[in-house]
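Order of writing sets the labels: A, B, C and D. Residues in every chain begin at 1.
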Amino acid sequence: MRTGSEYLQSIREMNLPLYIDGGKVDNALDHPAVRAAAEAVAFTFDLVSDERYRDMMTRTSHLTGEPVPIFQHVPQSVDDLVAKVKVTRFCNRRLGICSFRCIQNAYAPLLYITAKVDAERGTSYHRHAVNWIRYMQENDFLACPAITDPKGHRKIRACDQPDPDMYLRVVKKDSEGIVLRGAKLHQTGAAISHEKLVLPCTTHRRGSEDYAVACAIPTTTPGLIHISVRHSQDDRRVEGAEIDLGNFRYGVHECVVIFDDVFVPWERVFLCGEVDYLDEFVGLFGSSHRPTTGGCKAGWADVLIAATQLVARYHGLEDASHVRDKLSDMMAISETMYSCGVAAAMHGYELPNGGYVADPVLANNTKYYASRAVFDLIRLAEDITGGILACCPSEKELRNPEIGHYLERFFKGAHDVPAEHRIRMVRLIENISWGLGSILHSATHGGGSGQACKMELFEFSRHAPHRAEAMEYAQRLCGVMQ
Amino acid sequence: MRTGSEYLQSIREMNLPLYIDGGKVDNALDHPAVRAAAEAVAFTFDLVSDERYRDMMTRTSHLTGEPVPIFQHVPQSVDDLVAKVKVTRFCNRRLGICSFRCIQNAYAPLLYITAKVDAERGTSYHRHAVNWIRYMQENDFLACPAITDPKGHRKIRACDQPDPDMYLRVVKKDSEGIVLRGAKLHQTGAAISHEKLVLPCTTHRRGSEDYAVACAIPTTTPGLIHISVRHSQDDRRVEGAEIDLGNFRYGVHECVVIFDDVFVPWERVFLCGEVDYLDEFVGLFGSSHRPTTGGCKAGWADVLIAATQLVARYHGLEDASHVRDKLSDMMAISETMYSCGVAAAMHGYELPNGGYVADPVLANNTKYYASRAVFDLIRLAEDITGGILACCPSEKELRNPEIGHYLERFFKGAHDVPAEHRIRMVRLIENISWGLGSILHSATHGGGSGQACKMELFEFSRHAPHRAEAMEYAQRLCGVMQ
Amino acid sequence: MRTGSEYLQSIREMNLPLYIDGGKVDNALDHPAVRAAAEAVAFTFDLVSDERYRDMMTRTSHLTGEPVPIFQHVPQSVDDLVAKVKVTRFCNRRLGICSFRCIQNAYAPLLYITAKVDAERGTSYHRHAVNWIRYMQENDFLACPAITDPKGHRKIRACDQPDPDMYLRVVKKDSEGIVLRGAKLHQTGAAISHEKLVLPCTTHRRGSEDYAVACAIPTTTPGLIHISVRHSQDDRRVEGAEIDLGNFRYGVHECVVIFDDVFVPWERVFLCGEVDYLDEFVGLFGSSHRPTTGGCKAGWADVLIAATQLVARYHGLEDASHVRDKLSDMMAISETMYSCGVAAAMHGYELPNGGYVADPVLANNTKYYASRAVFDLIRLAEDITGGILACCPSEKELRNPEIGHYLERFFKGAHDVPAEHRIRMVRLIENISWGLGSILHSATHGGGSGQACKMELFEFSRHAPHRAEAMEYAQRLCGVMQ
Amino acid sequence: MRTGSEYLQSIREMNLPLYIDGGKVDNALDHPAVRAAAEAVAFTFDLVSDERYRDMMTRTSHLTGEPVPIFQHVPQSVDDLVAKVKVTRFCNRRLGICSFRCIQNAYAPLLYITAKVDAERGTSYHRHAVNWIRYMQENDFLACPAITDPKGHRKIRACDQPDPDMYLRVVKKDSEGIVLRGAKLHQTGAAISHEKLVLPCTTHRRGSEDYAVACAIPTTTPGLIHISVRHSQDDRRVEGAEIDLGNFRYGVHECVVIFDDVFVPWERVFLCGEVDYLDEFVGLFGSSHRPTTGGCKAGWADVLIAATQLVARYHGLEDASHVRDKLSDMMAISETMYSCGVAAAMHGYELPNGGYVADPVLANNTKYYASRAVFDLIRLAEDITGGILACCPSEKELRNPEIGHYLERFFKGAHDVPAEHRIRMVRLIENISWGLGSILHSATHGGGSGQACKMELFEFSRHAPHRAEAMEYAQRLCGVMQ
């Protein structure tokens, strides 16, 4: 298992070129925005290496029999599922942002579906998947899930789009492997991961076989082009700000990744054309991933709540009844997000040949709840923080000797708290709310939109035994059924 | 372990007088409103006796070593806590109302606090408590928690109230026992329980020692007077309605119980004057009880959702996009209530000399969430059900041969569903929403108001390690702390 | 203009038979539930006759040139539209329930559409409508809008329903008039009105001409059969309760009205078969009626808020910060409902040959807002009121000399407020919340469901100039359009 | 009346120095962030000059008898109050941001209170105020309200703060005038206004007389120091971006303004030490200003809704049921904000010696509603817009010939809409949501926080006759009062 600095070194050695700021940097890690994201990942590696957290942070791999970071583990029990939710909250509470370690959520569904396809279609995908996961575990690599397709006109299916590349597709197959063309968007951590796990972002129907592809690709594979996106306040990181960043050490970095005819050898292919299995696979991946949201957003929210409470303290208002009331609501929301994730994990079940996945109804419920709740959190935080959140001077002005002394006086709240402390805390709230470490965006659309989760919650509920039972008892209780 | 009919027989034998409808019935069970509540309890006894549910419904008592209904068990593990939430949802989904089996939630806090008081004060309350719980287990008795005091002016403490009996108090103590005077309100199931477990409804401070009393009393003890309350639609039960009841078999029954100088022997006294322990005890009881709400309201909501979906089906609207959308929201709310309860249980911990209790923050969060969520459930149900919910003819009109045939025609939705089915289902929704089996009231104030839970959530959060951690990391992330 | 007692006398003289409680009463007014509704109407007549309110309560008819109650007036200005919202709030704040005086909202759309049909189809409906409205004004009659059809399977159009009478229809036409068959449901005040104004409840398409009918019918017309519905707590009125009613003078009464081949002479027919005009007419009626909701629910809410505040006062909690906070929210909600109604009226416009109607977007917005807001009001009221709302003893027990003295002691809050006062106020809250005068039902579905209003809001917004302008400027601001 | 270009020229001539980006620019208008704000103001001047809008945009001054822009007018009727709400919505719908023209809202309260103080204290403030307003009208100047004090520890009153300058105060008074020391924060448009109207941000009590000061000051007065604040994305404006700005022409600019011993001659002083009048004055100003919020946020929201609908169209999802549903909710929210503002204005009343001000309860309700509603708007916009809102590439990448062609392909939605259009629209939504033209911040705290408005709503409701009436009728209806 790598330390944080070993991880950083390995990313440096990838020497990945990145298009950003209108140009191209030769080694993505040289860019401060990328570096801040890599530092967050490095922190999670250090947690795993830390003796104090060893029990929480490691598991014994069922594939290798060796200890692996929990982030590399295929869940082998309900406890493993629950642990993932808890660990994510634990990490995000220390980072104030995404911890980038969710690839594991795809492992069990991948093992299960590949075994099922193999059994029915005579393929050998399961072996490929096992080997790749073992490779991930043995090398302690970070993989980035490459899922979201451009999608074009949302009502037109992949094979009928005027531009056939609006969903990533296989343009060539031969005895060696396959060639991919298209793009994957919203790639969190793409430039600081060793591998990509390519998965379909939606199900497809017959006729769209070329789009039913899952595989793993090293990040440095020829044909992959990484283009940075522009976040709300990433200019500040480029500028070398500290106070104005709020969270000055850690950040999030996201890419568009172009697949310009990328070759993937067969031994790294997990699905190729088997559209009939996508409904199940996509549903399982959602169920497997979405409980993590409960821990992820709760961890973030923990920081937001604490920062808000500290600002209230700086204002002398920590004990004002309406402030306490609103802080209570923030806590209630964050504990509810967490509870949903934990309960989804706790109701998980074993997949044949795979591992454990969470209950699909409760998993989708978690993400659906979180997708709306974060807006309430941000509203309450902004309410308590006050107008300074929108009207705060820059550290550049603070450090201007002509005027800095005025700001130091007039941006104090309680007399014994330096204005700079208050401003730093306000900038952290800004960062977490809609800046570089935003809860908003990740909660709304990351890992599937709230709307998608709501619809899946309904679909999975059709098959939930307690819904059928309730249908029966509703009829019995009122006498429609005897 | 008793069957349902044995339970009913035992209640009949109590021959409890009850003031109701302006008069007095000699045996409460003779009154149809009481009977409907007793039938609900009987159903839970039958579930315990049912071989199919034996594993779910029984546990081995750590006191007697014998199998006992889970409702009589002192939780000995986190799994026991979780099971209580699940079982409550399971029962309520079959009853459409309260299942009356929550007394167990007081056991662990009672065992713990009595042991603590004994150790520090040299009393023998713990033995009394152990004996009483064993007695409850051995006889498989139902006990009613007698908690809510009249409270008078809410800002005046018990000992300063102009009327000293606004909180139940000890008016006499001697070598035999104590004498209680006052009243306990909102006593769900008081007339169909074998025992009362008297507990303080709030903490008290020094000076109010007479009000710090916990004990157990047989329901038929002299000096106890049971007075029925009047619910929204209980006239219909008296009238002998069937369709108009919605839930025609099961009901809820509640009493005011007057304590007109009731003697309690010492061996049934668990606290008497030890005000210093009330803060902890009251807090523990809340934490122990409130996760059950998650299962309780989810079970009720299951019936409400099913009934609403059936009405939508009768209207030909089950697949209308806005109906599906609203049903999804109802399901999401119910699963969130349940998830909160389960998570609170899952984060439970062991109390010395007691058993297990749930996490206090997550427990209070559960009740706080549910106290508001039920109004959204009812709003959505009413929205989908339509105007018929408020404007439905009585079964008396349906059965009037002069006009019944008109109603049979014009109260049909889909042609192949009899109007009576539609009306029965609508009446069930009415019943569950604000009638006899109302979610509303129980969720708002039963087991502590939402406001109380919100305040306790905040107080317990002060001591939650993850809140302290977040305070530290908020400061580290923005540079206020190194 | 009639006084209240003249109105009551005129209803008595109608001698309308009513099916209720499984039988038939010869004169509906003899039934206490009907009587309570009639008393509410009588109160509005008295307000009109009261010199103090003359300016507010009367207008000069543009048809007769004589003063008429505002409830009989065809709005001739935006001020008239606004006045209707204000007057409704004024009345309902005094009644705690519906004031039954909304028929006027149909007048302007009726005059407009009949003139339009006449001009294009050579009919003489407009004259019929003018004459009938003048007749209403001259006699100061109450009319009940007869709108809601049974509707059967909601996805099947009227002419394709297996039972052709699921929407009221014309089964015969001759030189004298037309014959109607079917039913109208949810008829608020049907048994205490002199007239019915029959209108289609939805639009129809070609093929359903028989269902496109509007006309006026005296309530005592042969073939009309009035059947009472059963409300939540109307048994209490029959029983002769006072305290337990909450609002002991005034009530709401609703009927199912069967049309068993009812003859209507041509001079009272306003539409018969002109399906092409229904889209516009139904939309206009909605726009005309729905601003009233803003005043109607705000007036009710005023009583609910006051009652809740009084209970808080009785509990000694009026100044508790969380109580003040919740009362503030209740006030905010009620003022927002009212503001929406007022603004919709204020943006009204003149219809040719008709009068004024409100802005359709703002009108539908009013009802959509109110349809959800009332649940928040009731939630907050229940939250503040406490458990007593669900567990209150009956006046029958209060008056039982054996136990009444206990209840008088233990149901006190503040020592100087009699328990009976507290109980009466709690019963009023019960009544207003989900009892006989419920805000819930009327706000959810009365005058069109929230869902219908939301959909119409969207449809009318398609044609709103400010939406088109915003589309243009959104494109200009970001440079998509020059 | 000035044109936009005349306005810009006059600001250029002020040659105001501004501290920004760590340095100092000699003429604030040279900075692109300031310039973008000035362009927005210029647009409002052009609207006034535009013949098409003359009626809407001008009024006859009651002071000069000459036509003045509505923004300079002292409201002389309820219609004037309503017009202000409408005009603000009209402007903001074209700007997508603040229109900076709210100073007028202070005029009527200022005229009223100065006359009252003069009458009771023998001062001559009213003449000063009249003269200054006439001066504003004759020169068609823009004034910036200088209200928000630093406030220090919020629970300590001004005169007891450890640093006496935490509220702006008078440090010297002589026969010529007064000298001010302190700061005013969150000064929207301070660097592009000709004048400042200094007002207290809160009431003060006896002992804090030095803090009770109102006056007008030219922006270029010696001792005033303007320091820019740093917004979410203003770096992009400095960089010269276009697409990435979303709203590339118009912006908001805000300052901290230091008062380093600023001299104000008596003829420009409107209050100086009269603490006893602050309660009334501060309340009146709130009531006068807050209805504008209804138009202001609705105008902004109009752009947000249109942009969201256009993105949905680009995605092929405009007719998806859940999208239509959410757009309907956005429209409902925006119309409700507007309705609240309009109703508050419509219930306005005349102040002696002043002009008209809005109803205080409805005015505070408007702002309280809007302060929460904007978060729902942003949530719904983000929900519909999708993940691209957080993961959008920069125009710098779009314009990089090596990779721009990829982005042009893969950021298309519907095939016939260029990717750049989609990206521009997404950037507009970003801008309006939490970027430079954010609804969030202005709605939450601009013009008084939601919490302050809620508390004032409650306080003013104590004196509202309809609340007293409801108290009476609640008691009558249930029989507590005869």
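Everything below uses one rule, namely that a contact is a pair of C-beta atoms (placed from the backbone, for glycine too) under 8 Å apart; a residue touches a chain by one contact, two chains touch by 3 or more.
Given the structure is predicted, the values throughout are model-derived calculations rather than measurements.
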Could you let me know which interface, C-D or B-D, is made of more C-beta pairs in contact? C-D
Could you check which of A-B, A-C or A-D has the same interface as B-C, with more than half of the contact pairs identical by residue number? A-D
Starting from the mean Cα coordinates of chain B and chain D, work out the distance between those two points in Å. 51
Chain C and chain D, separation of their C-alpha mean positions in angstrom: 40
At which residue positions does chain C touch at least two other chains? 322, 325
In their shared complex, chain C is touched by residues of chain B numbered 19-24, 148, 150-156, 161-163, 165-166, 182-183, 185-186, 225, 227-233, 235-236, 239, 244, 254, 256, 258, 260, 315-317, 320, 322, 371-372, 375-376, 378-379, 382-383, 386-394, 396-397, 399-400, 402-403, 406-407, 409-415, 430, 433-435, 438, 440-442, 444-446, 449-451
Over in the complex, which chain D residues touch chain B? Could you list them? 321-322, 325
Touching residues (chain side chain B, partner chain A) in the complex: 82, 89, 93-96, 242-243, 246-250, 302-303, 305-307, 309-310, 324-325, 327-329, 331-332, 335-336, 338-340, 342-344, 346-347, 361-362, 365-366, 368-369, 421, 424-425, 427-428, 454-455, 457-458, 461, 466-467, 469-471, 473-475, 477-480
